[in-house]
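Structure in structure tokens, see below.
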Amino acid sequence: MAQIISLSEAIRETVRDGDTVALEGFTHLIPFAAGHEIIRQAKRDLTVIRMTPDLVYDQLIGAGCVRKIVFSWGGNPGVGSLHRLRDAVENGWPRTIEIEEHAHAGMAAAYSAGAANLPFGMLRGYIGTDLVKYNQRIKFIDCPFTGQKLAAIPAHRPDVTIIHAQKADRQGNVLMWGVVGVQKEAVLAARRSIVTVEEIVDDLQAPPNSVVLPAWVLSAVCEVKGGAFPSYAQGYYQRDNAFYKAWDAIARERDAFKTWIGRHVLGTKNFAEFKQSLEAATSHA
Amino acid sequence: MAQIISLSEAIRETVRDGDTVALEGFTHLIPFAAGHEIIRQAKRDLTVIRMTPDLVYDQLIGAGCVRKIVFSWGGNPGVGSLHRLRDAVENGWPRTIEIEEHAHAGMAAAYSAGAANLPFGMLRGYIGTDLVKYNQRIKFIDCPFTGQKLAAIPAHRPDVTIIHAQKADRQGNVLMWGVVGVQKEAVLAARRSIVTVEEIVDDLQAPPNSVVLPAWVLSAVCEVKGGAFPSYAQGYYQRDNAFYKAWDAIARERDAFKTWIGRHVLGTKNFAEFKQSLEAATSHA
Amino acid sequence: MPDAGYTSDEMMTIAAARMIRDGVTLFVGIGLPSAAANLARLTHAPNTVLIYESGTIGAKPSVLPLSIGDGELSETADAVVSIPEIFSYWLQAGRIGLGFLGAAQIDKYANINSTVIGGYNKPKVRLPGAGGAQEIAAFCGEVLITLRHNNRAFVNKLDFLTSGGYFEGGDSRQKLGLPGKGPTNVITDLGILTPDPVTKELTLTSLHPGITAEQAVAATGWPLKVAAKLDTTAPPSPDELRTLRDLNERTARAHAGQA
Amino acid sequence: MPDAGYTSDEMMTIAAARMIRDGVTLFVGIGLPSAAANLARLTHAPNTVLIYESGTIGAKPSVLPLSIGDGELSETADAVVSIPEIFSYWLQAGRIGLGFLGAAQIDKYANINSTVIGGYNKPKVRLPGAGGAQEIAAFCGEVLITLRHNNRAFVNKLDFLTSGGYFEGGDSRQKLGLPGKGPTNVITDLGILTPDPVTKELTLTSLHPGITAEQAVAATGWPLKVAAKLDTTAPPSPDELRTLRDLNERTARAHAGQA
């Protein structure tokens, strides 16, 4: 049953060193605030899962929280590389990280299998590609009726899944809309889960068949206004494309990155302070 | 691409003798009008698929349209048996019918597999039950990672799926809400599809993430006001529970059934006439 | 027993309702299970989360649905999901604490039949079939079964095993790998049966007021074991009776009204 | 060639856009494919159904999304579905007529690499990876590939086969059981390459205005076959150029504006 608590409490109680953690979000509703809190609390040796690791994973990796990354597309969408991810993979800085690489369809199937408590996900994919040579977790099975060859991926079962959504009610039921990605599956596949929301309201006023996560499948719900910045929350604020572009320069060099993360994340107590600190820096620039 | 045409045209062009047809609906939005049109056009030797065959399948079976039924729960919900289904299974009237019986979860997995173009659906079910002894299409596979035993069901791929929905726009895009059942999967698994709707509007005004079927995955869209009666259409009319109860007496005896279907279905040109005929009969009663 | 001021069906429904702990997530079949579940929600267990196989999660019906997909359910639910989702992400996933089933036949190991009476290929009576019962029986944390107590229902051998309880008894359920605990109580119009901790054979552990063990044994198609210490079910409280009758009255009005 | 009144990237985007038939269902990657797809929608193919892997079906963006999940896409879409659904019920199901991909490397059989330059375990350059490209390449009815033409991109041997074109050539794609037809055109800043009907080897079949076959051959890391009858791509029409530049301008304004 979801407790409605602060994000720092939620991360402290829910994320442990060595955990497998999925901070999911498909360009929309990316849980940046939660990622920053993991960095502040200096969680270590995490295996992080995400279809599209972007800036928040670049930050987690650069900050040394990550031992292994499981993913299917790692980049700064429309801008270019994730320099901290590349520096870790190419040069082992700040530490060597292990990578487990999939295609999107395989990641989606693995989350769905986890949500359904199936041991593996099945898809018509991977055939003839080099990913199969480097990822031992991709196997093939034969259809018992047609003999057709199908790919099999072990279910994702994160220790903790963390997502950001638009609304929760005072019981902790969560509503999200727009590009909803694989977040529902990621939450239902996990042992524990945290949802940060833009606001907590008396009545969700959820339209019929909308994406609602009942409080009783969640561990914690935290109100974090703007918690998806620089990603967006449909109905609340737009994606800060300028920040995504600016990140390229910040993350390119280790020193610039260390300065930025030290000043704006480690040097602040919470996400509200982070955004003030960032605005201050930008206005002085 | 969906053509917007009359229901009689749609059935004539889309349903052929010997086809495998799914008229889906899970108590809500059951396509009764379409079922009646199949009876009027005297389609024969159909294999009919449905998780919950109810009155409309009782009518199709009693009218002699059905060669085989694939299902997981066949009854008059909250009332009792389907007497025409029972008479066909127990006594071969009006003809012997073949039955292929599943559990709900197996039917759902088979439709999902069909929609995803997978050759079979996978689930943790059927283990230790007698259904396995009588349905040769239920097989078991082993997880290539854990060795766990899982049930496998061949994908449902109907020739035609027919459903009822609340709204379509003038391009033929369809919106449905409320209990949406397995209709989306049934449509996406089929080679051809017909959707009857309560009304055709200029703008669907679909809420975010609602269940919308784009016109380009449909064969035909037909405006049939009240086309789910005696089932219900959320936002339009309630379930006619009294009719479901009354059906028990109508269907119990062959003669009463023949009289009813002859007068109200075969004796009318379309669903509007059917309902007038029915009201006339009720008011005289 | 009208003289008792309540019917045996009312006693059965009320005894079943009492077994629902407040706050439990409950997967409900139609008919008596739905009545008991909603009675519990309206009395001692207001926070029960009702889940129907139509995909309605957290339904709060004011009248009993005639079908598991009534508009009353989806309009009052916290969430309404598709059928493939309710069976895979919710039921199979093992998220549901308690399942509630009826049956046409039950055997001494609480296996149930809702498929056919007689042979499968030439049945005496063709019943509706499995529906979601197999998965409710397999995947819910525990299961309650409720049905009227007589020789046609309580049989020595099922005509068809639709949904598994304890199969051959003992640890045969675990051996098959079914995750849920299995049926923990069978509530009838005569009393309550619970599985023996070791053999899993159903044992009569409580009698409803005015019922004798002999009646229950006579109504059972196998030599029914009777607990050494046999409880008597508390009779319906005025509040339980009033709430159940109000609910049934509202329901009858609602269902008749719709034509 | 600024003197031509348009850039080679504009020629590439416009040549790619022309290959989109009106009314086709089109699965779009980000970057150049998205620009070409939206240019087509704004010119000769207004009824193109744009599908992005974020789950947006029938998106009608007024500016180019920087990411495949921008709000612009979901707010203008006919339907927005989950990621598992878009990959299973839509892409894998074989419903999508045309796929549109970029790449870092391509070989003579139109296999592409978007994973690593150098060795996988100690890469020279770590690229983003497969994303949805494998499934787009495998399951769309046909595929268009667009990338800049040079020796680093057009290689004799891929460092990594991310997404399959014609694999070893000939019928090796069908032998692997991939349903889609495969890449039918590769559009570069120099010209257009199409697979030989039998061997499936990419052949230069059209040159953009002012480009010579020698330039294309020199920019290709394998001995590039040149068609006997070599077409010249029609230069951008004023309408095509104006529409593309307006779109890019609107996009630049929109992306800069959001801070």
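We call the chains A, B, C and D, going by the order they appear; numbering starts again at 1 in every chain.
One rule holds for everything that comes next: a residue touches a chain if its C-beta (ideal position, glycine included) is under 8 Å from a C-beta of that chain, and two chains touch if they have at least 3 such contacts.
The structure presented is a predicted model; accordingly, all values stated were derived computationally and were not measured.
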Mutual neighbours - chains that touch chain C and chain D alike: A, B
Centre distance in Å when chain B and chain C are each reduced to the mean of their C-alpha atoms: 28
Inter-chain centre distance, chain A versus chain C - centres from mean C-alpha coordinates, in Å: 42
Multi-partner residues of chain D (at least 2 other chains): 74, 80, 88, 92
Junction residues of chain B - those touching two or more other chains: 117-118, 123-124, 148, 178, 180, 184-185, 208-209, 234
Category of the chain touch graph - line, ring, star, complete, other: other
Each pair of chains that touches, named by its two labels: A-B, A-C, A-D, B-C, B-D
Contact set on chain B toward chain A in their complex: 117-120, 122-124, 137, 139-141, 143-146, 148, 150, 152, 154, 177-178, 180, 207-211, 234
Chain B partner contacts - residues on chain D that touch it in the complex: 25, 49, 57-58, 74, 78-81, 88-89, 92-95
Chain D - residues contacting chain A, complex: 30-31, 53-56, 65-71, 73-75, 80, 82-84, 87-88, 91-92, 115, 120-135, 138-139, 160-164, 167, 176-178, 254-256, 258-259
Residue numbers on chain B that touch chain D, as the complex places them: 115-118, 173, 184-185, 188, 206, 208-209, 212-214, 216-217
In the complex, chain A residues that touch chain D: 26-28, 51-52, 71-75, 77-79, 81, 85-86, 89-90, 101-105, 108-109, 111-112, 123-131, 134, 148-149, 178-182, 184-185, 232, 234, 238-245, 282
